[in-house]
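Paired with chain B in one complex and with chain C in the other, chain A is shared by the two complexes that follow.
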Partner chain A sequence: MLKINQLEVAYGDIQVVWGIDLEVPPQSTVALLGPNGAGKTSSLLAMMSLLPIKAGAVQFKGEDISTKKTHEIVESGLVLVPEWRGTFATMTVLENLEIAAYTSKARPLQKQTLKEVFEIFPRLEERKMQKARTLSGGERQMLAIGRALMLQPELLVLDEPSLGLAPLIVDNIFDVIAAIKNRGVSILIVEQNVQLTLESTDYAYIIETGRIVQQGPSAELLKDDRVVEAYLSL
Partner chain B sequence: MNIILQNIVSGLLVGGVYGLAALGLSLAFGVLKVLNIAHGELIMFGGYIAFFAFSAIGVDPFLSILIVFPVLVIFGLVLHGTLFTHIVRFEEEDRIKNSLLIGFGLTLILQTIAIQLFSADERSILTAYSSAGFELGGIRFPLIRLGALLLAIVSVVLLEIFLNRTWAGRALRATSENWQTAALNGINVRQTYFIAFGLAAGLAGLTGVLLATGFSVAPSIGLQWTLKALIVVVLAGLGSIRGALFGGLLLGVAEALSAYAFGSEYREIIGLIMFVIVLSVRPQGLFGGDHA
Partner chain C sequence: MPKLTPRMIISLLIALALLLLPLITDDDNILTLLLLTFLMAGLASSWNILGGYTGQVNLGHAAFFGIGSLITRQMWLGGWPFALSMASGCVVAGLAAAVIGLPAFRLKGTYFAIGTLAMAEALRITIGNILPTVTNLPTEVIRNYELAPRYYLMLTAVLLIVAITIYLNNSKLGLGMMAVREDEDAARAVGVNVLRVKMIAFVMSAFLAGMIGGAYAFYFVSYYPNFTFGPLFSFDAITVLYVGGVGTVVGPLIGSVFFVILRDMLVKNLQGVHQLVFGLLFIVVVLVLPGGLVEAWDRIKQYVRINQSPTKNQHRETKAQTYPGENLH
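And then the complex of A and B:
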């Protein structure tokens, strides 16, 4: 579904991603794990054409998307929930969800998807007339994911969905991610919460200072001594 | 007492035009983060189109908005496509700086073109109803200025409906809040920039029509109106549409009262004083904070 080939990303002279390969097969949940500043977010932004790609290629559904515009990539079914959540603070919850059905593919399905999103997140329906800025962190993450669902994603990319959330809410969010997966949406999840992410994904990549240093089925990585030592032992 | 009331009413009637002048500037800045110093020149061209439509083929100025608005929208699209579209690729801070330079150059070019085409004379439209008006409780309401205020209010209402109810309008609001998030919502940001700039130019054109009718147009008026618009935008808070109208009315009343109290030479100063005070005490603007 998604194939990243020798991707390099740089901010001016400062290179942050040094040729990573990554693949998300259809119907799968893949994790990209690593510490702060490893180049996770930069890779995602480059993939979405929000940062220039220095070298390498990104393929989505067999098509090269590295020269496409962000909105075209979104329209083709690759949807990112960014680290900064990507909700519009001055708009109401309902307006946030409505505008997310902006693409020509999503518009005719707007009403139907809105109902589904409210079924997944009843809390959002209770707050639909509230401005997004008045939501709690957890609610805002729900809105961010709900917004992404409005866009009819085929591959949903989540950048640190657990960031800044209480453990109980993190569990809740991961349950929702599992439910989304069951609807046939592929998922790429970028996280620092290694344990929980490995438990809920099929395959994982570990990135450090811009390079993939390890990869394998998530269940195996959970038992891997080096991974346990570096990320899981406290 | 009546004189003060009369001044307040006159101020309100002029203030509508100030509000309309600020509306386009605020819209372009809010969405594109581009400050178009040549906004006043767009107003000036709108005024000239209305003037010649009236003097050459006798089109009523309030009808000529149907010509002026689309012509200025197209002019705005061309300006954006040839000049400003190149700077919206930059980070927001660089956009402002570069747009100031481009706008300043554009100001000089448009002014010179206007002098060549229209001569440096002041022009204004004199219709049969230009001096008409009525009195209510001893206060005079000139018809043309009343029409101008009405047009400003209608423009604000229509713009708000557009921004809140239509896909394109909501895309403008989304882009003005965060263009990256807007793009991640599938919004074509480049196209949105064109729409915002075109609309801003069209609104400048409407302002020009009101100038040609209630005031006068000359090639050199641009800077003065850009300044008025800037003051109103700062008073109102950036991106606040209704705020732009209220800010305009406030400036109009403040000018009229200060001219009455201290003499007309102080008319221009009060706006600048308010500008400085608001910037230092409440930089988000009087009606800002909840922008969009």
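And then the complex of A and C:
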């Protein structure tokens, strides 16, 4: 479904991603793991055309998207929930969700999707007339994910959904991710919470200083000595 | 059709009173003061579309006001029907924004503001050199000059702009504009074509400023063609909007009433320092009351509500608000 080929990303002269290969097959959940500054977010932003691509190719549903504009990529079904969440502070929860039905694909399904989003996140329905800035961190993450779902994604890309959230809320978010997966949406998730992510994905890549250093089925990585030592032992 | 709220009834009554006023009074002072209030309300409201809703600070708004008035005036004095002249003024102002917008939107934030200011100043000086003499209305027109039609034209223009901002508040386009204002990258990530939304907002804003310019060209007996390009028209509009409440429909209306009355009082009693007073007022509003008079009104309502129901403290949480204009400065 998504195929990244030798992707390189640089901020001016400073290169942060050095040719990564990554694939997300249809109906699968794939993780991209690694420490701070490894190039995870940069790869995602470049893939979404929010950062310029230095070299390499990104294919979505067999089509090259590396020269497309962000809104066109979103329209084609590849949707990012950004690390900073990007909920629109002065707009209400409902407006935040409504705006996400901007694309021609999502608009006719808006009412139905809104109902589904409220089923997944009852809390958002309770707060739909509140301004997004009055939400807690967890609620804001729910809103960011709900907003992405409004766009009818075929592949949902989550950038550190657990960042800055209390453990209980992190569990809740991962339950939601499982529920989204069950609706037939493919997921690419970037995380630092390695244990939980490996438990809830099919396949994982580990990135360090801009290069993929290891990959494999998540269940295997969970037992891999190097992974356990580097990320899971405390 | 939304049902009538008290606020809508009051708004309609005020609009009706303003429409009937010239039939009741022919006091030129009152009509002139109101016309100037409409002028400021129109300029501020049209600026609001790009600056308040879309978050792009355009310090060259006067250029589009100027283009509208220049085209309208030149065509009208050249013998074209007034309606056609004014329509052309609006269209040319809108087209100018389209031409300027493409390169200007490569700039962001402060740089966009500086770029638009420079563009307006360059245009003002150019027009001043090309058309250095005062334009007068023909004696025929002056002989039959009546204020009421000018008043109605300006009022209609403002009502139209208000109607458009109300529409924006409830439309997909308006939501897109607000999303761009809040967070451009996040707006892109939810499928908003950011450049397109900015361009639409800019062209709308300029078209409507051109419309106000056209109405102004109809009102003034004589002026220098580059007068309407003066930077004060940009800065006064912005002051009005911030004093009233940026990013809201009623903000520019309240702000313009406040501004014109205060300016009238200051010019009569403290001539020369009124610009200074407005400068200070602008700074105070931005620092203390970033949501303007609209915010002041909300705070009063909140205060009353909390005091009436001491057990319901949840209203307090909305106190720590940020306002649409916050990210502009």
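Assume the second predicted complex is superposed on the first by the 234 of 234 C-alpha atoms of A that agree within 3 Å, B and C clash if a C-alpha of one lies under 4 Å from a C-alpha of the other, contacts with A are read in each partner's own complex, and residues count from 1 in each chain.
Note that a residue touches a chain if its C-beta (ideal position, glycine included) is under 8 Å from a C-beta of that chain, and two chains touch if they have at least 3 such contacts.
Bear in mind that the values here come from a model prediction, so they are computed numbers and not experimental data.
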| item | value |
| --- | --- |
| Superposed partners chain B and chain C on chain A - clash or fit | clash |
| First (chain B), second (chain C), both or neither touched by A:50 | both |
| Touched partner set for A:71, first chain B, second chain C, both or neither | both |
| Which superposed partner A:151 touches (first chain B, second chain C, both, neither) | both |
| First (chain B), second (chain C), both or neither touched by A:134 | second |
| Touching partner for A:95 - first (chain B), second (chain C), both, neither | both |
| Contacts of A:86 with chain B and chain C, given as first, second, both or neither | both |
| Overlap of the chain B and chain C footprints on chain A, listed as residue numbers | 48, 50, 69-71, 74-75, 79-80, 82, 84, 86-91, 95, 98-100, 102-103, 106, 147, 151 |
| Parts of chain A lying in touch with chain C, wherever the complex brings them together | 48, 50, 69-71, 74-75, 79-82, 84-91, 95, 98-100, 102-103, 106, 131, 133-134, 147-148, 150-151 |
| Contact footprint of chain B on chain A as seen in their complex | 48, 50, 69-71, 74-75, 79-80, 82, 84, 86-91, 95, 98-100, 102-103, 106-107, 147, 151 |
| Chain B - residues contacting chain A, complex | 167, 170-171, 173-174, 177-178, 180-181, 183-190, 290-292 |
| Chain A partner contacts - residues on chain C that touch it in the complex | 172, 175-176, 178-179, 182-183, 185-194, 247, 317-318, 321-324 |
